[in-house]
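Each of the next two complexes has chain A plus one other chain: chain B in the first, chain C in the second.
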Partner chain A sequence: MAHIPDGVLSNPVLVAGAIVSTVGVAFGLKGLDPVRVPRVAVLSAVLFVASLIHLPAGLASVHLLLGGLAGIVLGWSVFPAMLVALVLQAVLFGFGGLVVLGVNTMDMAVPALLAGLLFRLAWRDGSPRRAAILGGLAGGGGVLLTAVMVACMLGLSGREFETAARLVVVAHVPVMAVEAVFTAAAVSLLARVKPEMLARAS
Partner chain B sequence: MSLLGPCRCDAILDGAEPQDGPSLMERLDPRTRVILAVLFALVVVTVDALAALALALGVAVLAAALARLPLGLTLRRLLALEGFMVAVLLLLPFTVEGRVVAEPLGFAASAEGLRQACVIALRANAVAVALLALLGSMDVVRLGRALSRLGAPRRLVHLFLFTIRYIDVLDREYRRLRLAMRARAFRPAAGLHCWRSVGYLFGMLMVRSLERAERIDAAMRCRGFTGQFPSLEDDDIRPPGALDWGLGAVSAVMLALVVGLGV
Partner chain C sequence: MIKTLALLLVLLLLAHPAQAHKLKVFASAEGAAISGLVYFSGGAKAMGVSGVVQGPDGAEVGRFATAEDGSFRFPVNVRMDHLIMVDAGDGHVASALVAADEFPASLPPTSLPQVAASARSAPTVASVAAAADMDAVEAAVARQIRPLRQQLDAYEEKVRLHDLLGGIGTIFGLFGIVAWLNARGRTS
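Take a look at the complex of A and B:
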């Protein structure tokens, strides 16, 4: 998860993030059929726990973001799912803040949404192998875009954050590799076991 | 490797166990607590003076004491937050231009940068402590209902409540699958095999949780679920009591003081 804490970003960035996320959440909720709420909730729960699971990667351990996977399964509903996961993390663990919720939701949900849209555009034939490759791209690309967005939010908040912003992107390179392999495996499994989970997202 | 780390899932979902009677925080209406948390965060993000922010952190710590937050766990959570910010905070003195106060290893550290690092650290910690005290100590299901009463979209609240439920379901399912993996001698290590295996693990976790969700959904429909969660113990509907008004007034004065110091 992208947990920018409260107090770092400048006000215009906070407002912009809040507006984008409000629109995204409203749109996601509008298209959310009550029957699909449990499915979205499963993904919110997965997103919530994702940052608690640390995987070894070389010398360090990284935690997953799972934006790509969530976007592939959820489509537009990824906005409310991400918001709920972030609220729970902020309230229960103090990760992230309250006023930055909009920006954090946007940083996670926009890449996820794009990854999901591209996945569905490219995955037509229903083969698990192709799903794995596309899933890997979506997973890795999602992390990259999230890191770039976090960096941009920092950079836009003040010139003094530019170095930190570059560090954020560099720090996410190992996460990208792990998440690409992870998402490829998870998506290929879903394609084989429960393909309707990938196909029906609104 | 438990899904929810060192803390037990039940403990998270049930909120803090009251030791001797409900704490002052627990006697407050959940809605009051949500509103206070939002106001506090907004004020803290707006003010800039160090004295005001220090006062705000003090207020947050006071609220934590009122909520009887466990000290060790709270400090550990704050430490995790610090770990995230450490890069930003350490770099600031060197990236903000201004009066040079020190030159470790030839890099000039500015007073303005140090000040800004302090501002950010105070703000982030004040909001985090206040959130944990006001909302984190509450049963999350009550938080969901409070959000609903405060006008949050119904579907969002449903999603929130279902998510809380599935975190627990996922946790149990995860332990079962991890046990099965361990029985087959799986050990986490950096490498494709591990990352792919965890990918399969999560894929399976989602499939199983979802199939369970579908069964539950069907069962709920059989029993006439119409999209509302009726609650037998819903005592939150009362209008705010004297305690809410009283503490609300005290908080308002304190926030006004913070703003007054900061502007």
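Take a look at the complex of A and C:
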């Protein structure tokens, strides 16, 4: 969920997260083509809403993170988009603390960015079927990496890493499944109707 | 594939907007005890979560773990502020304060019960009976209003549609400003 509240993480981890996120946001804004600003806004709004809506998945109820999809469409701009979404979630709903915004942004945006980069590297031929498979992998893998990063942040802050990792990763298994299906569907649709949205990222 | 997407969209629309996982703890005094509930916003109960109870000076008073329905009960010996902090182990923490004046007046007010007890004059039979009555009334009232307080506590956390729309509007406004600044830079 990458909604770590205030008072959980240690100061070095907070500072490191803030630095990584600041660099990411600076990069994202620097390379942002004005024509693409509306796209970032839409994806930011999607990220903001996605983790507030719960879907039934077997016994548990899960919410999507949509980091993979955002990373594929936005590239580096996923950092500012994620930051804005997380700020609003923290301010409006109290999900996640304000001091940990840097870490939360990093936990969400770094996997998203990696998923996007790998997707673009692997998706050369432009076929929608391949895009769907890669999109599913990017979506599920993004969630997994986010969960692992959250567990690492908790471990680095002096909590027992194994317990945290088990709890966080197990909680995210249904999310990974739903997210993989959703991202695959969305990416395959984009590959057919608007492939230029996937091809290039600033 | 479009079918799947459509299905997911329908599910998204049907799902009630609520509850990103945030841990919540509700605690109130019930006679000479703290009883409470640990849950995730949205209503799912958090079972087996460990908690720590602290006094006003930050010293640990005791520990507890929640039962299967997320509830816990902690006996109180001293009439003082109790801070309850719970930790689900996966980065979710929450805390709640039970103020001293929620507890019955018959409890000793400091953490030195022996001194307090000996300093007091020997209670008469009548005053003991009155105090017992008072405690019974307080416990009954606390029990009656507890569901109400609990409901209020959960209601506060509910994600409402207007909050969602406000957030979306803010996002578009923000990026609108970015676009506007960009456009201004290009024309001048």
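Just so we're on the same page, the second predicted complex is superposed on the first by the 196 of 202 C-alpha atoms of A that agree within 3 Å, B and C clash if a C-alpha of one lies under 4 Å from a C-alpha of the other, contacts with A are read in each partner's own complex, and residues count from 1 in each chain.
The rule is simple: contacts are C-beta pairs under 8 Å (C-beta built on N, C-alpha and C of every residue); 3 or more make two chains touch, one makes a residue touch a chain.
On a predicted model such as this, the values are computed, not experimentally measured, just so you know.
Visitor: So if we stack both complexes on chain A, do chain B and chain C clash, or do they fit?
Guide: Overlaying the two complexes on chain A (C-alpha atoms) leaves chain C and chain B clashing.
Visitor: A:95 in the overlay: touching chain B, chain C, both, or neither? Say first, second, both or neither.
Guide: both
Visitor: For A:51, using the defined touch cut-off, is the partner it touches chain B, chain C, both, or neither? Pick first, second, both or neither.
Guide: The second partner, chain C, only.
Visitor: Counting residues of chain A in contact, which comes out ahead: chain B or chain C?
Guide: B
Visitor: Considering only touches as defined above, state whether A:72 meets chain B (first), chain C (second), both or neither.
Guide: neither
Visitor: Per the contact definition in the header, classify A:103: touching chain B only (first), chain C only (second), both, or neither.
Guide: After superposing on A, A:103 lies clear of both chain B and chain C.
Visitor: Quick one: is A:182 in contact with chain B, with chain C, with both, or with neither? Answer first, second, both or neither.
Guide: In the superposition, A:182 contacts both chain B and chain C.
Visitor: In the superposed arrangement, does A:162 touch chain B (first), chain C (second), both or neither?
Guide: first
Visitor: Name the contact category of A:82: first (chain B only), second (chain C only), both, or neither.
Guide: Neither chain B nor chain C is touched by A:82.
Visitor: Counting only touches as set out at the top, which of chain B and chain C does A:14 meet: first, second, both, neither?
Guide: first
Visitor: So in the superposed three-chain picture, is A:37 touching just chain B, just chain C, both, or none of them (first/second/both/neither)?
Guide: both
Visitor: Per the definitions at the top, what is the overlap between the chain A residues touching chain B and those touching chain C?
Guide: On chain A, the overlap between the chain B and chain C contacts is residues 3, 5, 7-8, 32, 34, 37-38, 40-41, 44-45, 48-49, 52-53, 55-56, 84-85, 88, 92-95, 154, 159-160, 163-164, 167-168, 171, 181-182, 184-186, 188-189.
Visitor: Under the touch definition given earlier, write down the residues of chain A that touch chain C in their complex.
Guide: It is residues 1, 3-5, 7-8, 32, 34, 37-38, 40-41, 44-45, 48-49, 51-56, 61, 63, 84-85, 88-89, 92-95, 128, 132, 150-151, 153-154, 159-160, 163-164, 167-168, 171, 181-182, 184-186, 188-189 of chain A that touch chain C.
Visitor: In their shared complex, at which residues does chain A touch chain B?
Guide: Within the complex, chain A touches chain B at residues 3, 5-8, 11, 14, 25, 29, 32, 34-35, 37-46, 48-49, 52-53, 55-58, 66, 69, 73, 80-81, 83-85, 87-88, 90-95, 97-99, 154, 159-164, 167-168, 171, 178, 181-190, 193-194, 197.
Visitor: Touching chain A in the complex: which residues of chain C?
Guide: It comes out as residues 1-2, 4-5, 8, 11-12, 15-23, 42, 44, 88-94, 157, 159, 163-164, 166-168, 170-172, 174-176, 178-179, 182-183, 186.
Visitor: Which residues of chain B touch chain A in the complex?
Guide: By the definition above, chain B touches chain A via 1, 3-5, 12, 37-38, 41-42, 44-45, 77-78, 80-81, 84-85, 87-88, 91-92, 94-96, 113, 116, 119-120, 122-124, 127-129, 131-132, 135-136, 140, 143, 153, 155-156, 158-160, 162-167, 169-171, 174, 188-190, 192, 194-200, 202-207, 209-210, 213-214, 216-217, 227.
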